[in-house]
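Next up: some structures, all given as structure tokens.
You will see subunit A twice below: alongside subunit B first, and alongside subunit C after that.
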Partner chain A sequence: MDNKKWYPYMLIIPSIVIVLIIAIYPIVYAFYLSLTDQVLARPITNFVGLRNYINNFTDLQFWQFMKTTAVFVVASVGLQFLIGFGLALLLNMNIRGKYFFRVAMLVPLLIPPITGALMWKIMLDPLTGPINYLLNLVGLPGRSWLADSATALPSVIAIDVWIFTPFVALILLAGLQSIPQTMYEAAAVDGARGWKSFRMVTLPMLRPMIYLVLLFRLAGALTAADTIFATTVGGPNIDTTTLNFAAFKNLFSYGFMGYAASLGITVFIMIFVISQLLISKTRHLWKGA
Partner chain B sequence: MDKRKFLKLLILFLVIFIVTSFTLFGCKKEAVPVEEAMPAEEEVAKEEVVEEKEEVAPEVGLEEFTNANINWQQVAEKAPEEGTSLYVAMVKHPFTEALLPLIPSFEKLTGIKVLYDILPQDEYWPKVTIDMSSGAGLIDVFMTGPELNWQYIPPSWIAPLDEYIGNAQLTDPEWYNVGDFYPAAIDANRWDGKTLGHDAYGKGPLYAIPVTYEIMSLTYRTDLFEEAGIVVDEGWPHTWQDILDAAKTLTKDTNNDGKIDQYGIIARGSKTWASMFGGYSNIFYSYGAEDFDENMKSIVNSQRGVEATELYVELMKCAPPGVTDLQWFQVMSAFASGGIAMVIDCDWFGAATFEDPSVSEVAGKLAYAITPPGPDGYRTQDLWFWSLGMNAASYNKDAAWLFMQWATSQPVMLQSLLQYQNWNPPRESVWENPDVIAVSEKWANYRAVVEESRKYTKVPHAVNPQVFAVIDTWWGNVQEAILGEATAKEALDRSAEEMNTIMERAGVNK
Partner chain C sequence: MRRTNFRRISWIRRVAPYVLLTLWTVIALFPIYWVLVTSLKNPGDVITSPPKFFDFSPTLDNYRVVLGLARYVGLGDIVRVDFIEYLKNSLIIIPLAVVLSLALGLPVAYVMARFRFKGRENLYFFYISLYFMPPILILIPLYLVFIRLRLYDTYLGLILILQLVNLPLVVLIMRSFFEDISPEIEQSALVDGRSRLGVFFKITLPLAMPSLMSTAFLCTIFSWNNFLFGVILSRTRTQPVTVGILAFKSYEAILWGQMAAASIITALPVLILAIFIQRYIVRGLTLGAVKG
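Entry: the complex of A and B
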């Protein structure tokens, strides 16, 4: 009798153990680290409580990182979402060669993000890159896209959008395809067409997919480090350094473990809040079995 | 079973097979077998190397090493059944390229197997840091340098080498001859691990053996100078203004199409401490400015510091666009393709690349110079020594030392220079070797400049384990000045603030 009661728990214990080790323990350890002043090159470590966080609050550089992160996340996810949604709508229509376009659109997704970023770095090279060459051909001036403060962040955002828009488009396309045609027909009977049908049928039915995509992309943009590393390494100065990249640099290049952990936990809290918000909106769909 | 099930199982099996084979074979590389690796076409007359007592074959023959008074096989003899193997982590560099084909002969000499990884700089450092900080001891030998050692020494990640050099079983002092290394090269890798500040290095245990001696000097195009009518007299450049004037004159539109296509200078600029090697550390410290005072408080925004930075910013206006993104190899290849009149960077770019007509458009059109003094007469030239260090957590320290001794020995260093352009040698006997003299004498005044530079070279930054964090942030602000988004004074004021914040964070100045 007892055997049967414990059975389901025993089945999921392996997965829980793995998640604990891989996901929960590092976060707990990172939180602990953020409460110390550990510096790799220094043998002694002191427990300092919330001092790192308090210092961050008054640190101009920290707020600069926050601002860069906000701009990066909003612009990048916003553009990915808009363009991706548009692409998904287009590819949902019955046009000739739609299968070809659907596959072609996937290409940026198939290469590892860092490869894509490196490719763009080469293309955006001011003296030898094709982008400036093409611009010059039509008479427009070339620029040092990744080296100039005014264009560095927009360029990195553009590269991120290029890499991840297909992801958004793909998921939304799948969602669009799953909306039964009968819904549109019913709406048409009631006199809804075009924009109205989009608002009343498409959007509500796509809501879970939209939240899913937003969740993935927001978390992805907040933790984007490989794109930045491959293109500008956070530069010029700190113009493209997001909070997470600052944590990465401080951890791996300088060894400021406590400080980097405090930055990382800040990002974690931001993602946690956002994901809770988004998940709660779709809770009604997941309740029960 | 039915066909579909069988097909599914087959595909599953294939996928698992492919994935496992990639994982198993994708990791550490082993030394290439002897037959493929030994370069057969060497013209260099190794037989004429008069200094050597032995007859030297085209490869570095084993006799070179067996005449040393130690038993190279000692580690292998004491080793367990599986044998000893070493894991060497290296940065992509001519020295590394020189070492690879010779590794099989090391394996034959000592019976120690060598596994290695070569990584580009940016990936290399995190990897080494992670291994050392975790105490895993997987890496035995790695490449390091003076400023890098300052991070590794306080937490005892890197092993002091004096005991290995002094151990008569492991090292033949006459054959290996530590005295053959230039004192500056050895001193730069010494530090007591505690004293901070300027010139705090040079005392204390030795932690790494140098394999290069790189000096930041000026390289310039004599043909472009002549064409522009710039007179280069004895002792040019006398002041930094001379360089600036020349750069301004030489930045022009040569084919009258309305766009500037010739630039006076090029320099590194990407956001890393290493960009200071592109001339900024030379000018800043020659102006008498310092990064830190005796109390480790940042004083980069001193009067002289601001003046030096202003001149450097002016100089960068004569550089191609996008200079704040360039790394050293981009600078090297850009200068080698022509269209740029000057570069202040590693002198060996000339030796290894610029003067080689097969890879450079500017071979034979160059001259070299030490960088000028500042207004108060100080002259400082920055320098770098790639060096080999030993992981303090290594399980094979004796084997690691044998490898390091072998790799930094006279025969290997000579071979790495003559065959693979590993300049400049940190060993005096290699620099004064007739073949080396013959090759380097052909390059205008290269030898004279290298020898004279030795009077002015020093590691200019204050010894400080946080050297990377502070210099990164200092350089980031200088980048803003270069881009015209801040004045030199504003940039340096902010640098000083940020550098002090970092030192506080590191617990140095509360």
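Entry: the complex of A and C
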């Protein structure tokens, strides 16, 4: 093709400039902020080194955030994966109305997460919402789902599952459909049917897609904010405050920039580790274009 | 005896998928149905306990108020949410943001699909990792930067920050689309003496138009759905719909009819756009990794 070597770079530069301004510079700046005690309303800022991180390490509240994050991410992504995989397998069967089920399933994924979460706020309202009403009909007691310490986190997790399960289902369905029928036929010749063919053919063939889905969803769950903001705002107390949401709250409500940045960097490190583990396993998918 | 047992099992096997899929469809759609119903109720019917499922007289009042066609009269007469302003902001910001993303991202996608150059794969993974950056981490310092540069609460500021989601989408998805177009078609035109730029605009771009449109739609959906950028980087003048809709929440049950109407209004455009890009949704959601 063109032997002018600079040609590609010339076309890349404008986008790189924008990315430097809106992403790379802020990340570096955020790292610097995490080494300071900057507070929005206070004029003086001190450089404090790693003190934010060291404080976090011994701070009970920080470990509470960590625990909430772990529960939220594991439960939310775990359920999305299980239900999503199940739906993908069902939709891959020879079923009438496949198309309808597929489209209907997508709706929660496509509407703004903030809108979806608000819809659930209306649904879960203790007095006027239909959920408690329907529970009462079958003889179960209603609850203040989002205000009760025992049910707030599970409710937020359920809303996240409602929104993102279709993502898992859709991607894994695409993966299932790309497995050549001949592989199953060959396995059947070897006597592998049903569960055995699932283990010998489906799972190994689907593995890269599974990693890909986990990459997207783990990163998504670690940075979840919309659903929490629209429903519990991290409460009651700090029961639904994940690490990422704590960073959000400290920026948005309190202006503790240094502290918020140290929390944000911790989330960043988690995502970095996960993506290092998973991107290498999905590399051929990205490059396979 | 054994035979009937078998028959029962195969009967369950045939029906079970439908039961399970129907169950999930009900779970997926019931909240939408409920909010649609709520949006059609008058304020009195919204807050009844037990809730009314069918037995109310539907009204479009909530939509009229939310879209600024009528004034709200009733319980909370003093409170008013100018939803139409948020709607206007979103409708200004998003098309401009998407156009900018295409202008910046298309050349990168094209170059990555057609040229071999040093650092190409690194650039590719750079855009992927950009997509996985935690937005909050970027927004903490950017809030300070935007205030200093007077980009806080401006359309330009929000258009710029939306590139963070849109650029990776355009670059990664369009690269995979450009690679689907055979380079031979371009080669023959180059031989005919057209310039590289001429070939791109006259031959490649028309061929890529359907995928270009679907990428643009996908960017529109992602931008429309974005909440964090707006809530941190704008205040009253330029807040988008996803932030505006929360204004109803402060008044809890009083404005729930309006909040429901606003929910339907914010959900509808993305659902309509999604209809057009169904074929490409899998590719879009995985940044081009899965063709679907």
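Definition applied: the second predicted complex is superposed on the first by the 277 of 289 C-alpha atoms of A that agree within 3 Å, B and C clash if a C-alpha of one lies under 4 Å from a C-alpha of the other, contacts with A are read in each partner's own complex, and residues count from 1 in each chain.
The rule is simple: contacts are C-beta pairs under 8 Å (C-beta built on N, C-alpha and C of every residue); 3 or more make two chains touch, one makes a residue touch a chain.
The shown structure was predicted, so the numbers you read here are calculated from the model rather than taken from an experiment.
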item: Touching partner for A:237 - first (subunit B), second (subunit C), both, neither; value: first
item: Subunit B versus subunit C as contact partner of A:88, first or second or both or neither; value: neither
item: Which superposed partner A:149 touches (first subunit B, second subunit C, both, neither); value: first
item: Subunit B versus subunit C, judged by how many residues of subunit A each one touches; value: C
item: Touching partner for A:176 - first (subunit B), second (subunit C), both, neither; value: neither
item: Which superposed partner A:252 touches (first subunit B, second subunit C, both, neither); value: both
item: First (subunit B), second (subunit C), both or neither touched by A:214; value: neither
item: Which of subunit B and subunit C A:127 touches, first, second, both or neither; value: both
item: First, second, both or neither for A:77, with subunit B first and subunit C second; value: neither
item: Common interface positions of subunit A, toward subunit B and toward subunit C; value: 125, 127, 229, 252
item: Residues of subunit A that touch subunit C when the two form their complex; value: 1-2, 5, 7-9, 11-12, 14-15, 18-19, 21-23, 25-27, 29-30, 33, 83, 86-87, 90-91, 93, 95, 97, 101, 103-108, 110-116, 118-123, 125, 127-130, 133, 136, 162, 166-167, 170-171, 174-175, 178, 209, 212, 215-216, 219, 222-223, 225-226, 229-230, 244, 247-248, 251-252, 257, 260-261, 264-265, 267-268, 271, 275, 279, 282, 285-289
item: Touching residues (chain side subunit A, partner subunit B) in the complex; value: 37, 39-43, 46, 55, 59, 61, 125-127, 142-144, 146-149, 229, 232-238, 250, 252-256, 259
item: Interfacial residue positions of subunit B with respect to subunit A in the complex; value: 122, 125-126, 129-130, 133, 150-152, 154-156, 269-272, 320-325, 334, 465-466, 468-469, 472, 476-477, 479-480, 483, 485, 498, 501-502, 505-507
item: Residues of subunit C touching subunit A in the complex; value: 17-18, 20-21, 24-25, 27-29, 31-32, 34-35, 38, 46-51, 53, 104-105, 107-108, 110-111, 114-115, 117, 120-121, 123-125, 128-130, 132-145, 160-161, 163-164, 167, 171, 175-176, 179, 196, 221, 224-228, 231-232, 241-242, 245-246, 249, 253, 256, 259-260, 263, 266-267, 270-271, 274, 278, 281-282, 285-292
